[in-house]
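Lettered A, B, C and D in written order, each chain numbered from 1.
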Amino acid sequence: MVSSNTTAQDRARSDASVPRYSTRIATVINSALYRHTLGAAVESRIGRVILLAGVPLIWLIMLHVGPIYQMLKISLLSHYPVQPGMESHFTLDNYAIFFRESLYFTPLIKSFIFATAATAVTLIVVYPVAYYVAKVVKPQGRSRALLLLLVPFWAGELIRTFSVIMLLANRGAVNVLLREVGLIDRPIPMLYTSFSLGFGLVYLICLYMLLPLYSAIEKIPSPLLDAAADLGAGPFTRFRRIILPLSRDGIVSGCCLVFLTCIGVFATPMLLGGPTTVLFPETISGFFHGASDKWPVGAAFALIMLVTALAAAAIFMRLVGGRKKRAI
Amino acid sequence: MEPVVQFDNVNKSYGGYVAVENLNLSIEAGKFVTLLGPSGCGKSTSLRMLGGFERPTSGRILLNGKDVTRVPPNKRNVNIVFQDYALFPHMTVAKNIAFGLELKGFDNQKIHRRVSELLELVQLEEYARRLPSELSGGQRQRVALMRALAPDPDVLLLDEPLSALDAKLRQQMQIELKSIQEKTGKTFMFVTHDQEEALTMSDTIVVMNKGRIEQMGDPDTLYGRPGSVFVANFIGETNLLRSTVLGMDGDMTTLSWNGITITASQGGLAPKLGEHLYVVLRPEAIHCSVAEPASGNRIKGKIRQRVFKGNHTSLMVDVGDGTLLNTLVHPSEIAHLSGENIWVGWKPETATVIPDRHAHN
Amino acid sequence: MSEKLVTNRRTALKLLGTGAAILTAPYIIRPRPAWADNGILNVTTYDKFLPQEFIDKFQKDTGIEVRVRLTDDQGKQYNLLTAEGANPSTDIVTVAGHRYSQFIDSKLLQPLDTGRISNWKNLNSAYQDAPWARINGNLWGLPILAGYEGLARNVDYVKDAPSWEIMFDEQYKGQTSYIVSDFMTITMQYLGHDGDFVTYTDKPEEAQKATNEARDFLIKHKDMVRKYYDAGSEVQQMFINEDIYLAHSWSGPAAKLIIDGHPIKLSVPKEGTFGFCYTLNVVNNAPNAENAYKLLDAILANPEVGAAMTRQSGYSSTINGVGDLLNERERLASTLPQEEVDRIIFFSSVNRDMKNEMIDRATAEVKAA
Amino acid sequence: MRAMFSDAPRVTLAAFYWAFILYLLLPLTLMMAMSFKDANFVAFPIGDWTFDWYGEVMQDKQFLEACLYSIMIAAATTLAATILGVWISMLIVAEGIRGQVIIFALACLPAVVPGMISAISLRIFISTIDMPTGTAAIILGHTVHAVPFVVVMALTRLRSMPGNLVDAARDLGADSVVAFFRVTLPYLGPALFGGMIFCVLLSIDDFVRTFFLGGYRLTLPMLIFAKVQGGMSPEINAMATLVLVVTAAVGLYAEHLTRRARTR
């Protein structure tokens, strides 16, 4: 009894000083179950291809392409949903409508300009913040600094939109404050303008810029910056020559996320816009939402938007992202 | 004794580009073998084929007599030290080293013992819990080495592991590498384009050029008796004297060079009368003096350039027609060579003839 | 490099094959949809329309489990039902008057058999068989709330508003708001046309001319508008925040502001306006139509439900006895002087396609201008 | 002199950061303050203050159920989207696979489609494969929407991963599967953390897909949208405030735990 106790204690003591290594992996990969299933699969080239490509391709084809394919089908029909007693036939007319009338063309252009501007503003505003958290804040404080940035996003899109309304409305916080101080006697109309829409949109989507930027900047080795400073590079030169090129990956993905989200934006952020800010998604949604509903036209327009937005993103990535440089 | 590694007629080509051509090579156990050559000569490809990362287009690779040509890297008992170390950034030093052991199914205690032992070997015990990003270049290099040694491979492959270090550290690591190799008795297969590294550490050097083995041998042989112009040029500094054979005398050959008659060792070659050959003459074999040497090959020249190199001075001597000879002079002698006109001389046995392969290329 | 994973054509085909197999698998394993259960009733309606106590009591009395899906928007409801096609996942939907005929035209509703509702008599007689409620010879839904499109104004800033003209008064530039499509029809009325298109049968050119006139008028006065809104909560918020002083608003949202004590007044200007009802409708192919009728009957039997609906929405109830349950303010907010009531025309079901088509297009043009 | 110059950007950045935090938090502070307003509609001035809305929300069974249901859906979505997103990105960066640009474009598709259209097409799609609406369908819909975000995050990091890390792992005896789990996946860590945050946020925020694919159980945004339809009441602010405070507390606690684990 006594002796077994001491050995147990000994073991406990020595265990504490010995770091724990994962010895289970060997047990798993040497087990017959693993060897005859996954293990065997990765042995052969075909097995590896299936393992690597199988699930992703099925998912992409079924759930990314599938619904879009549905839309494509609908967009080529003259009527949908098909009413009893009505014939639906194949037509390209729904696409032709888009090119025929500037009424629909203009919102698309507007959408692109708007999304581009929103992306640029978000990038400029968020970059210093991401840089500050990733490089200036000490590592111990980093997760807390990041957390502080994340918290507001848990309130939900609608609530955040209404928060912006409460800030900018004629009887919102800013106007009330200005009136109390005596700077103004009539409220400044800030809400329902392009300003409030931009303000709110950046407010809603800056996270999509922040996280990619943060993870890219955080990766830049700090000694590199010190080395540059040592060589006499001023802050601006250091930024332009070292930080900016090295965080390019983050800029590209952040901009893509924000741009694509902005292009497809509808509903909530629209609550902040004025009467002149009509964007393409709203036009599309009109076809689905309007009293005379025209799914085929809406579907066709959605596809037009999809293709142009993806093409724009691809061009952007090609321009900024450059070639993929992968060490072989 | 059976060789550890055998390349048997191995070819590797990418599309139309031939990277390795008819490679036949046997490596004995416990040796430090270096594949030496300029970039693109096929040395790294050969190493990666042995590691299992590339598959030969044809031919076989044998490890301990077993054909491993189609065996994936994880099933071969060889390990690589990568050029940029490829340490796992999210694992501590100890965990990096333990990685291969974990996969071998050792128990915790055994892994711990082995890791400590290896860390001790390179005096990194205190760094066990650090992340690779917290180490210096030399330390990372040692960790990479230990990680590759940990699973006790049959052959340790080193892919230009010193190229990322600064000059001083590199020299230090050369010595350390050699001593680790001797302590562990492992077979090391080292790839480099740096002839100095190769000469310092290797038991055997395999010089490669354009996918083929140019010459193979111990450092002395390669340096003293290079088999080709390429080898002579690639290893060390050298003077190549293009000469014509006048006659043979035992091991020695008499040749005509630059208007004078010189003698050189045949070096296993069988020269024919009238044939054009190169005489390899190492700078340090040349003796410079004001007075004409009493014996041996000698020629008058003018000093064109002096380069001070610390422990010696390099003199470029014009021996007529603008032909320059590169010579090395000890500091003790340089004081005597104040004027421009000097004599250069060398003993016949320090020079070797090699065939004039340029004619064929 | 040698470890390349090359997807050649054969592997790609194999993958496609596997994909197809997985795609078809659900056809073989057909799960029984949960909503088709007998003891269940699925209702899609607005928040707080059906008080919890009422549902609890109904469940206890009938043994039917009531499942409520909350909605916030007619368009989504319509699209969902359309997407579900012949297998709807709901039994009862709540439809607003201006969408009524769209739902019916798309065959999403089934005709209401009033004979199966024993408490039908509890419905205010004005709604029991109103001419506008009968479409294609059938009654389609149980009217529960009545509303109209009114002119709402902040009485602190806008004293009197006898005509829709005030919406175009330079004095209130940038301080008005409206739902474009709805206000378009009002503008047609204001300009002396038929905003409900009833008289345009076989006269599409005339209808188009009238629509275009209203459209151009709205575009000309676009600078009057602070914002085009969609949802009632938006117009409420704009009034409260004094972003606007004047709006075309459905009576419900404005009435709620009045009930809450805000300085808002709702009126029907002299050019008249349109009225509509919210109806509870049994969905075409409803899996539990039987249970749906039981619920409709129970709603009519209990004026508390009508009162809850009025309190939540601000619209007046169509059910007898509800008025007695409301307080003074609630009653007042949903009442109009008789002369104004007389100006309300209920939406017709005639020429809907023509109206929708033209109004939707004009709406897009106004917004894009 | 030099020190002053090198400090200047540091201070400017810190000031910018705090200004940004203010920008993020100020509207929310207003929103929270409104939850104490004793009236049926939110607006300035607040006038009378009350805790009643909290009492009401806390007793609201619907609210609590909706919270739990949303959390459940978000967790499942995050898990599924992370696995699929990483898998797809592995395929995109794999050597020798052709058409990577096309795969990437396909992976991004759902992020571009406006919510309404995506919801309708998913609804039609699940009925063509005879899948019933309900929890599984919601999770499927949310996952489709979240996958592109994970892919973009994971790809950014994978592209910068030294290629020979995996070689090294294989060299030391790991097969592709082990190398993935022991080396690639941990390397992706920070990017995946970001991706998972996106997943949770997208799922918790998603209303329109949930409406189309859901059954009769309320999610949090469905409840909030339905409430907003009846007017912006402080009750909604109280709900949002509760959600916010609880998530912030959980976040801080988790951060505290990881910090303790690290220093130990």
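Descriptive notes on the structure:
By definition in this document, a residue touches a chain if its C-beta (ideal position, glycine included) is under 8 Å from a C-beta of that chain, and two chains touch if they have at least 3 such contacts.
From a predicted model like this one, the values you see are computed outputs, not experimental measurements.
Set against the C-alpha centre of chain B, every other chain centre is closer than that of C.
Between the interfaces A-D and A-B, more contacting C-beta pairs are found at A-D. In terms of their C-alpha centroids, the spacing between chain A and chain D amounts to 10 Å. Centroid to centroid, with C-alpha atoms defining each point, chain B and chain C lie 86 Å apart. We define each chain's centre as the mean of its Cα atoms; on that basis chain A and chain B are separated by 52 Å. With centres set at the average Cα position, the gap from chain A to chain C is 34 Å.
In chain D, the residues touching two or more other chains are 42-44, 94-95, 97, 116, 120, 124, 162, 164, 175, 178, 182, 208, 225, 228, 232. Across the assembly, chain C contributes 1, 3, 5-7, 23, 79, 85, 237, 240-241 as residues in contact with two or more other chains.
In chain B, the positions touching at least two other chains are 53, 72, 103-104. The residues of chain B lying in touch with chain A in their complex are 72, 92, 94-95, 98, 101-109, 111-112, 128-129, 133. Listed in rising order, the residues of chain C touching chain D in the complex are 1, 3-7, 23, 26-27, 30-31, 33-35, 42, 46-48, 67-73, 76, 79-80, 83-85, 87, 89, 231-233, 236-237, 240-241, 253, 256-257, 259-260, 262, 312-313. Listing the residues of chain D that touch chain B in their complex gives 162, 164-165, 167-175, 178, 182-183, 186-187, 189.
Those residues of chain A that touch chain B in the shared complex are 14-15, 18-23, 25-27, 29-30, 43, 221. Across the complex, chain D is touched by residues 51-53, 72-75, 78-80, 82, 84, 86-91, 99-100, 103-104, 147-148, 151 of chain B.
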